[in-house]
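Letters are used for the chains, namely A, B, C and D, taken in the order the chains are written, and counting of residues starts over at 1 for each.
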Amino acid sequence: MAGSTFGTLFRVTTAGESHGPGNVCIVDGCPPGLPLSVDDLIPDLQRRKPGQSRITTPRKEDDTPEILSGVFEGRTTGTPIAILIRNQDQRSRDYGDIKDKYRPGHADFTFDAKFGFRDYRGGGRSSARETSVRVAAAAIAKKLLHTAHGIQILGMVDQVGDIVADIPDVTKITLEQVESNDVRCPDAEAAAKMEQLIKDVRKQQDSIGGAAKVVALNVPAGWGEPVFDKLRADLGKAMFSLPAVLGVEFGQGFGVANTRGTGHSDTFVPEPGKAPPIATDTNRHGGMLGGISSGMPIVLRCAVKPTSSIPQDRPTVDKDGNATTLATKGRHDPCLLPRFVPMAEAMMAITLADHMLRQRTMG
Amino acid sequence: MAGSTFGTLFRVTTAGESHGPGNVCIVDGCPPGLPLSVDDLIPDLQRRKPGQSRITTPRKEDDTPEILSGVFEGRTTGTPIAILIRNQDQRSRDYGDIKDKYRPGHADFTFDAKFGFRDYRGGGRSSARETSVRVAAAAIAKKLLHTAHGIQILGMVDQVGDIVADIPDVTKITLEQVESNDVRCPDAEAAAKMEQLIKDVRKQQDSIGGAAKVVALNVPAGWGEPVFDKLRADLGKAMFSLPAVLGVEFGQGFGVANTRGTGHSDTFVPEPGKAPPIATDTNRHGGMLGGISSGMPIVLRCAVKPTSSIPQDRPTVDKDGNATTLATKGRHDPCLLPRFVPMAEAMMAITLADHMLRQRTMG
Amino acid sequence: MAGSTFGTLFRVTTAGESHGPGNVCIVDGCPPGLPLSVDDLIPDLQRRKPGQSRITTPRKEDDTPEILSGVFEGRTTGTPIAILIRNQDQRSRDYGDIKDKYRPGHADFTFDAKFGFRDYRGGGRSSARETSVRVAAAAIAKKLLHTAHGIQILGMVDQVGDIVADIPDVTKITLEQVESNDVRCPDAEAAAKMEQLIKDVRKQQDSIGGAAKVVALNVPAGWGEPVFDKLRADLGKAMFSLPAVLGVEFGQGFGVANTRGTGHSDTFVPEPGKAPPIATDTNRHGGMLGGISSGMPIVLRCAVKPTSSIPQDRPTVDKDGNATTLATKGRHDPCLLPRFVPMAEAMMAITLADHMLRQRTMG
Amino acid sequence: MAGSTFGTLFRVTTAGESHGPGNVCIVDGCPPGLPLSVDDLIPDLQRRKPGQSRITTPRKEDDTPEILSGVFEGRTTGTPIAILIRNQDQRSRDYGDIKDKYRPGHADFTFDAKFGFRDYRGGGRSSARETSVRVAAAAIAKKLLHTAHGIQILGMVDQVGDIVADIPDVTKITLEQVESNDVRCPDAEAAAKMEQLIKDVRKQQDSIGGAAKVVALNVPAGWGEPVFDKLRADLGKAMFSLPAVLGVEFGQGFGVANTRGTGHSDTFVPEPGKAPPIATDTNRHGGMLGGISSGMPIVLRCAVKPTSSIPQDRPTVDKDGNATTLATKGRHDPCLLPRFVPMAEAMMAITLADHMLRQRTMG
């Protein structure tokens, strides 16, 4: 049932499979007058695409977007913006095995249970390929947020396996620091270890999980709704809508379970010059109180599972429930985290753009 | 902006503040013919209400629901079901302090930033009082799910402060075990320690955080949508829409960050008699693959922050940003977890009922 | 399936049946700070309620609304406003006949076909009783529109049977003129004939149809969306959502079928002082071009069928499809038009309030 | 603000302008397993496209659709179906005049009032070009409705200027009869006169309005919601969302204004073999009672205004509100009706498909 649209006022609808003609998004609700061209979409698509470094899948996808509507003479018109990214590098190959056998950890079985049959080429609709048009849509959201409020959104890898980055202040990290290594971890020392670990697990025909942080700076106080559409709730949904995410936490996150009230609540302090002139001395709350932005940086963290595609022969079942074995062939990321960073930024941006427009209705 | 509705087909809309005349919900989309009376709503409302035990707030709320529509001759008619719970025990008191000063950790400041002013009596719309009508609505969802598929939903406290329960198999826990102590932790030994800890922090005029697990049994394979409306994403939003939740994880959760693919993916195995006749040998995936239910138990865990209301004098600011101090008076839970359990079950039930109806459109 | 909500940003959700405990609406999305009290809701409820004059049903309903939430110290808080109108004057009577036999022209049969069974007391959910809470919700919308833009909405009866009012300029009619007679027709001469006709058909145990016009003044140019959510489309849906409406037309309406382009298109003319300084010399377009408001008065007309409830014995069928006869007892309006006027104004107001908020997102 | 999506469960989102790269739709919610190929989309696109006969615009558009997703091995997969129709025949020309001057009857002025600027080439987003992808989407809806319930949808021209067709029984008309002449009027004699009238007004550099009927056969009783989402209300919105529609009526339509209850209500009669075994002897109600389908044919009628584009020099204003004159150049339909027929069928089909899926949630 119709579940391919995200957002209430800044609405992103996507369509497309990994091995069909292409992926499309329609961004409906972007205000008019925002300068926009294809060039604005390229940088984040480059960060998301496969084949960008030695630790991502060597699969090549060109990811060239075409804007089909909603932009005239270099500016958005306020009408829906459709973006098409055609699929390429679709090697003709034999999918016979995964057509009838269920890959462990993948959505093959659940798609069949839901729809009765599925496009078994690659991941079909469940492939991370679908996120390409989310990233394209989010480039518009990022530009809108930055133009209107100077908002900056930045993701970074925080953990790969047992290696945890040392990031004293996530709000001070720059895009350059993140992009300075293939892992997208701003702690250069940890990044080197992570890269080695990723290469090791690939050599061992295995994969590895990790975690990423995403930060949004300059979000004004007052965004988000009090009850169901808390900014926290919509950001949580946004992150869990990305492939492979099994955990999301804000601010102090799961650490609050073992924290006392005196150790958790941040203290409000005067901050002359800010509007309103109020801040908190610490940011354990992660930028939202009661689900509404506090004017402090929004900070969240996602746990990402290890790639399920592993070239080892593993036991599984076929469509009829008979025991069998299967080795996932093809070219896959041994660790999803480096390419997850722009995807998570994208969902943060789309969610914030939606709530920016929602807040405008306050008048 | 209109953010008080949850769900697409099983839609719950709430209204109400903590100290106004009452709270209301309208449940739109419940199929006709479900046997329903006020008695169905009482048990979970009793579990949620304040004053139920020595470790919750002594504040008394009667929480008597009235069904205003949508039920005729003991059955739902298919038209919207409105439920009213009037507020009582509203002590007339002086709210002068919290009218102009911002309580640390509360939504007072962010409400003012959003709306310009607020109902400052109690938490107003951000009070946990609002969850009473969610719990009432969820009693309908629970009955619908159980009648149609035998689905059972059960929450339990998993952690309070540094005390973590030992629950070998969450899918085997019964409601009786959960309700056997005031903490709602099925590990009796841990429960006793948790209860003592809660009493201690209260004595110290402090509060304490914790974590709860929620389990849904018998959810058929195939519920949830592939992309934005993943079952995982909607459950994530559901949980984060509850007060005080700073983290949500499914299955292996944050543990996946330090796990290899070979250590995470569950193995599909034949399970004759099940429809389809397939299961996984373990349930590290938490009951959803690609965002779609796998037929295995759905298992999630939430981190809940310590109550922000503490009767200690703490520094803060007033509405104009001037430094001041404030002690939160009133009667509050030193630990939210015991009463959080039915709230989390409620949001699980509402979300599953929605996806149950969505799956029916497959035909 | 969940269809009891109207609007995107100014959202009205209703619940309730004619003979249950009461009707409820939740208005979600009303901006904060609007002065509001129960007194604002009374006047239009009085205009809608039964028993107000000699040509409406003598049935008495008290229609006293209670605001349950969303208003604090005399102003809206920005949170949802719930309004309850309890049912009264529910004579205990024998519904045996209409329980099993289908009243011609009523929704009894279609409700059974949809839901399998129904609340057969009165019209249940299909009763015009449900519109009481729409009218209450619309009083808020009217006040919001008038406060923000000086918008005025006025309905009037244009036709009853073969008597058509002579209204030279609908934009000049006042509320006083409309309310000066029981029919709510500003042409006093026609009104007198209409009243006589209504009395005649009642005497003949029959009923009569008619038409009403609704006008909105001072709607700024630019409201409405280009494609599906044209203002015209949403107003059309709004009117067709009212009981008994079988036709809706804007501006020249069905007259355009026999009109040439040179005879239809209104000419743009300078109008200094207006913003933008442009008007049309005539208003055959009815205030919207391309589905977007033009700054000219919005004018629409609705055709309303004669009441289906007639105290004559008529042939029909029972639930099993056997031929039988039935006379509709009870107290009914011989002509719906006088009470339809405030209902139509209500849906106009709710729709415009929604698009007013939508336009704010343009920035 | 995001208004480019229609439907709740069978959701159609469109994007595109008349002179940009192309138009796109995403159909989300189509159930899996429906046989579908591009060939299914062609026939109605041919009926809609310009240049098809001597009485439509000679402008040529190729209208070749490409299915980008959601179909695999000849069947729908249940995932969103994206369809792209590229624009062609975009003569490079001088748009200088309509860039700064407002064409009477067009949306130029209201677009500028809404968005601040617009794509002034052709009608941009308000062009009937946008309906091409609606017609493509509707071909899927038609196939779904026909496969599941044998539903047939057929539109026909009923009036052009003062020539009204004589159609004794709209439910007996065939597609062949409609397509037997260029006007799409099943009354051959009237069709000939209409064709002559259209040629005459074109010669006179004028245009002419008209009306069309749309019929849906075999819609089961029980579709539609009782209150806001009445089937009648959603069909009304659907029709008013099409360009140039100023009036919509169902069944007896505006005729009810001068009809008595005894002359309007259709009589329920036994109809053995039907499920349920009940029909009405006449169909003045137009197939819906209380907004819910009755199992009788759904019959509606739309009034369509004369094309606003006329090659005569007419007075108007420029963007600054200065008086000026303008003659609309380009190639336009002198009468919209022949091409309106497939557009109206399309919106009927999309609306019914949505309510078909909604009814499935009843269980």
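In the analysis below, a contact is a pair of C-beta atoms (placed from the backbone, for glycine too) under 8 Å apart; a residue touches a chain by one contact, two chains touch by 3 or more.
Keep in mind the model is a prediction, meaning the values are calculated, not measured.
K.L.:
Higher C-beta contact count, B-D or A-B?
P.N.:
Top pair by contacting C-beta pairs is A-B.
K.L.:
Could you work out which pair in A-D, C-D or A-C copies the interface of B-C, where over half of the contact pairs coincide by residue number?
P.N.:
Most of the contact pairs in B-C are shared with A-D.
K.L.:
Mind checking the centre-to-centre distance between chain A and chain D? Centres are C-alpha means, answer in whole Å.
P.N.:
So the centroids are 39 Å from each other.
K.L.:
Could you put a whole-Å number on the gap between the CA centroids of chain B and chain D?
P.N.:
So the centroids are 46 Å from each other.
K.L.:
At what distance in angstrom does the C-alpha mean of chain B lie from that of chain A?
P.N.:
26
K.L.:
Do you know which chain D residues sit against two or more other chains?
P.N.:
Residues 1, 3-5, 8-9, 14, 29, 32, 78-79, 114-116, 125, 226, 357-358, 361-362 of chain D touch two or more partner chains.
K.L.:
Touching chain C in the complex: which residues of chain A?
P.N.:
Per the stated touch rule, the residues are 8-9, 29, 31-32, 78-79, 148, 226, 357-358, 360-363.
K.L.:
Residues of chain B touching chain A in their complex?
P.N.:
Residues 1, 3-6, 8-9, 14, 102, 104-107, 109-116, 125-126, 130, 159-162, 201, 206-211, 220-230, 232-241, 243, 245-272, 276-278, 285-286, 288-295, 303-310, 312, 314-317, 320-323, 358-359, 361-362 of chain B touch chain A in their complex.
K.L.:
Could you list, by residue number, the parts of chain D that touch chain A in their complex?
P.N.:
1-5, 7-11, 13-17, 20-24, 26, 28-29, 32-33, 66-70, 72, 75, 77-82, 84, 114-119, 124-125, 357
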